[in-house]
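Next come two complexes built around chain A: one with chain B, the other with chain C.
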Partner chain A sequence: MGAQVLTVIIDGLLLGLIYAGIGLGLSLILGVMGVVNVAHSAFIMLGSYFAYELFRRAGIDPIISAALALPVFFLLGSVVYRTLITRVEFTGPTQGLIAMFGLMVLIENLGVIVWTTDARALTTHYTNTSFAIGPAVVAWVKVLAGGLALALIGAAWVFLHYTLTGRAIRAIGQDRDAAAVLGINVHQLLTILFGLGIACAGVAGVLLGMIYPFSPGGQVFWLAWAFLVVVLGGLGSVANTLVAGLVVGIIQTFAGAFVPFEFVYLILYTLLAVILIVRREGLTSVARRSI
Partner chain B sequence: MNPALLEVDSVGKQFGGLVALSSVSFDVPRSSVVGLIGPNGSGKTTLLNVINGIYAPDRGSVVLDGVPTKNRSPSDLAASGVSRTFQNARVFSTLSVEQNLFIPLLHRSGGERAKSIKRADELLAFVGLEAHANKTAIELSGGQKRLLEFARALVTKPGLILMDEPFAGVHPQIKATLIRCIQEIVEREGASFLVVSHEVPDLVNLSNFMVCLVEGKVAAAGNPKDVVRNEKVIEGYLGQSDE
Partner chain C sequence: MKSLKSAGLRAALIAAAALLTANAVVQAQEKQPILIGGTLGLTGFLSEGSADYKAVYDRWNDEVNKRGGLLGRPVKLVIYNDESTPAVAQSLYSRLLDQDKVDLLLAPFSTFVGGAVLPIVQSHNKLFFNGGFVSMAMFTNAKGSMIGTYMYQEPDYPRGLFEFIKSLPADKRPKRAAIFTYQSPFPIVVRDGYNGYGGALRFVKEAGIELVVNEQFPANTTDFNALVQKAKGANADMVLHIGQLNDSLQVARTIQQQDYKPAFFCTCGSPVTSIAAWAKLGAAAERAFSGTPAWPTQKHPGLVELSEFFKKERKQDTLPAYAIVAQTILQVIEQAVNGAGTLDQEKLREYIYKSEFKTASGNIRFQENGTPVYSQLLLQFQNGKNEVVFPAKDKTADAILP
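Entry: the complex of A and B
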């Protein structure tokens, strides 16, 4: 029992780091821009297939793919911002939500066309290897993925808190007009922010693909996880997102270990509903005080 | 060189059926303070928003340094030397006092940025906030936030500073600091200020020129002492003679 609990805690913390990575991009985009990016999980799915294709066609290790996903998905996010978001960001939240939902459906269906509905997996030489910490057994792949997620979160935190561009992005999140009248090119910085958010999704997709099988239709489950992290941690705050990811990871692994599988989602969605009821405030108001 | 830094010519602005500004015209001369007074809802803040590009005028034109500002964004106008403060001090509350001052330097080149960083430090001392440089802005009092917002508006050495109700609800000492700083910046750097305020006696003493808006129209414009004696201004705003 003791060994199982220790394994569950370590697994939960490692998965929690990845969940924090999943929630981070969504949290930043919603917190600073007020855009509910429901297509976030579709980019996570694309991240998994990005690593899958690089591994299958060129034998590139997913760890390298995680690093490559950063600029590739940053660019992709920047293009999506310039071509889609700029057209809907001032038209009210409903139009933005519908546009992002449309993008999610588009990406998912393109995924089905290209990769079919079959689940795929990234199986490397370290996929099934593990090591012992005392009585607990820890999978190497989870340590690697968790470590990369932590590096991603740390890099985002350093960028937002220690660079002038990052601080200006936080300033825009607090007061867009005040930043604009100081000469800040708001669109340029929001392009960077959206690119960063999608880059987080892409990298998280690679990391999830290292651990779980994936399919185009399965992406939507990650959206619920991402929202749970965001709701728990508040928006726009990297540190809070990290803590929320760890909490969700621990809850999931404990629920997975000690209650029947079908109850895991019930527990998580109940938690989501309870937090929203208790907080009694919209997501955006949480954002404004956290950035 | 055009004698006026800013020319507001027949500017009109409407929100649905509400006419906020109707054919407003006046100039802001170089190296001067122009006071803008008027009752609540007379269009003062709307006018500032038109001048710095937050709103586009429906009619008329705004010309800055001889160049029309039509279709220019607030950030573009800021790059051309227009800066402003808001009715409620809008500082970036989770950034430090010093970081607030550095935000306007984002798009500046290396050398220019280094000079401005030095200026930011000088401005903190200028407004008396040097001891608070590392505090988070949310920790400041309301008056200190106004001083910070004012210093932040000056970092890039703008030619025109728009100030919306800078003296509202602040301690007399903070008000005195703001007035002293405005006068020094005009004298030392040749900048111009357009100041909206209900503190009419202070504004009369501070301004070289005054405009009174009533119901979106210019009720009177000219020498501040003459403006506050104007019958239309007394009737539409002050209620009684200022003397």
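Entry: the complex of A and C
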């Protein structure tokens, strides 16, 4: 029993870090800009393929790919912001949602064309290895992915709290008009923020690709996890996203270990429903929270 | 007299012209392509298996036309994308039957989609050529109008493994079993059996193995660590995973990462070890068992060529089991239409039930419910490739057991 509890706690924490990594980009974009980026999981999928291609073609380790994904996906996000988001940013929420949904379908279908529908698995020298902590067995790949997720979350927090650009972005999140009046270049900073959100999605994709097999069609499953973390943690808050990810991870592993497995997702989605009911707010009220 | 002759000549000319025209119309009709329609989940969660089906269909379409088509007419396959969604498939089958007016119908891939379209096909009194899914219940309900080429139905999926276990000395047999089942109609029947017949639970009980874990997981499960922990914690030396491709990949990898070494690990649902992604798992893929209807080493008609096609054109070293079943249904269609000499559904049905077909799955005959007589090979993934380990007459290697 003790061994099982220890295993569940360790696995829950590592899983939670990864979930927080998945939710981070979505939380930032939704919290500051109010854009419901349902294409978030499509960028996660691209991140997995980014790592896959670098590993397959050049033998680059996914840990390196995670670092390389940051600038590449930041650039990609900035381009998407300039070409698509600026056109739907001030339209009704439905139009923006449809545009992002269209982008998700487009990316998934491009993924099918380029990589086919076949599932891929990234197998490095450490993928199938593990180590023991007392009686618990821990997979190396989850420790590495969890550590990278924590580093990503930490970097995002430092950026938003200790840099001028980050503080300005937080100011936009609190009151966009007031920030503009104070001379903040909102358009430029939102480009940076969206790029940052997509960069987080890209890195999360690399981390997921390290652990789980992936295919273009499987990306939507991760969108549900990202929303679960974001709704639980509060939109736009880096620290809360981390806590929410850990809570979701721990609940999932404890439920998986001690109740019939088929009820695990029921428990998690009941939790989501309860949070939405208790807080009495939907995704549209995100801007009310500060980052 | 002259006018009479002239009138007769005119009448003869008109009759000749009419005959020529009629002949031309008949010839034109005869040269109209035979339409064979169906759907596949070319996008969505069934897209990987569907892509294998599509490759086999396209290859056969080219080849059958090179052989002169069917009944002297070219063959055209009309395959729509059902997006792995039953509702979409239903509307597409209505279109195939009512607008395209296809001559022959192919079933979609997977029980999940197939079950939704069967009533539509039955309402049109069409034969349903099913290389796409298994379902004892649906074959029973179809009353012989569905012709299937899966060599075994859901309750028999784990049968090959348990027949193999029965052949082992007592000290080599597993003692404690864990079963993980995907929450979907097909895997549930693989686990529970059908009308008191077959099913993993029954096979486990009959083999005198203690069932220590019996869990099912939903389609959106992304992490299987807790499930694997349960089996490991219960000291199960046999894990039967009854699911689809992606979940099977994850369970295999999680078992390896947990340093858990069950003596028997079987992917007893979809035959996933013959799919390209399996080999990419590395060490986690090793020693997994899986069933298959046939294997290229058996050298059944068209099987070696199909295997070469997959290697050359699809860059797949292993021939997927789905491809074998797809090839088999097309061979049945070709032999049935040529043998019966007609597209009439009743005459085709009559011919199919009294004939033997030489196919990639072997020489097969159909039982009165439309399924072929049971036949299965047991594969084990060894040193990066699948080996046939049971039955003895077909085996290419001995099973590796601890």
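As a working rule, the second predicted complex is superposed on the first by the 281 of 291 C-alpha atoms of A that agree within 3 Å, B and C clash if a C-alpha of one lies under 4 Å from a C-alpha of the other, contacts with A are read in each partner's own complex, and residues count from 1 in each chain.
We adopt the following convention: contacts are C-beta pairs under 8 Å (C-beta built on N, C-alpha and C of every residue); 3 or more make two chains touch, one makes a residue touch a chain.
No experiment lies behind these values; they were computed from the predicted model shown.
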item: First (chain B), second (chain C), both or neither touched by A:Ala58; value: neither
item: Superposition-derived comparison: chain B or chain C, residues of chain A touched; value: C
item: Which of chain B and chain C A:Val278 touches, first, second, both or neither; value: neither
item: First (chain B), second (chain C), both or neither touched by A:Val112; value: second
item: Chain A residues touching chain B - in the complex, by the definition given at the top; value: 164-165, 167-168, 170-171, 174-175, 177-186, 291
item: Chain B residues within the chain A interface of the complex; value: 52, 54, 73-75, 78-79, 82-84, 86, 90, 92-95, 99, 102-107, 152-153, 156
item: Partner chain C, residues of chain A touching it in the complex; value: 3-4, 7-8, 11, 15, 109, 112, 116-121, 123, 127-130, 137, 139, 141-142, 212-213, 215, 217-218, 221-222, 224-225, 252-253, 255-257, 260-262, 264-265
item: Residues of chain C defined as touching chain A within the complex; value: 42-45, 47-48, 50-51, 84, 183, 215-218, 220-223, 225-227, 229-230, 233, 245-246, 249-250, 253-254, 256-260, 275-277, 280-284
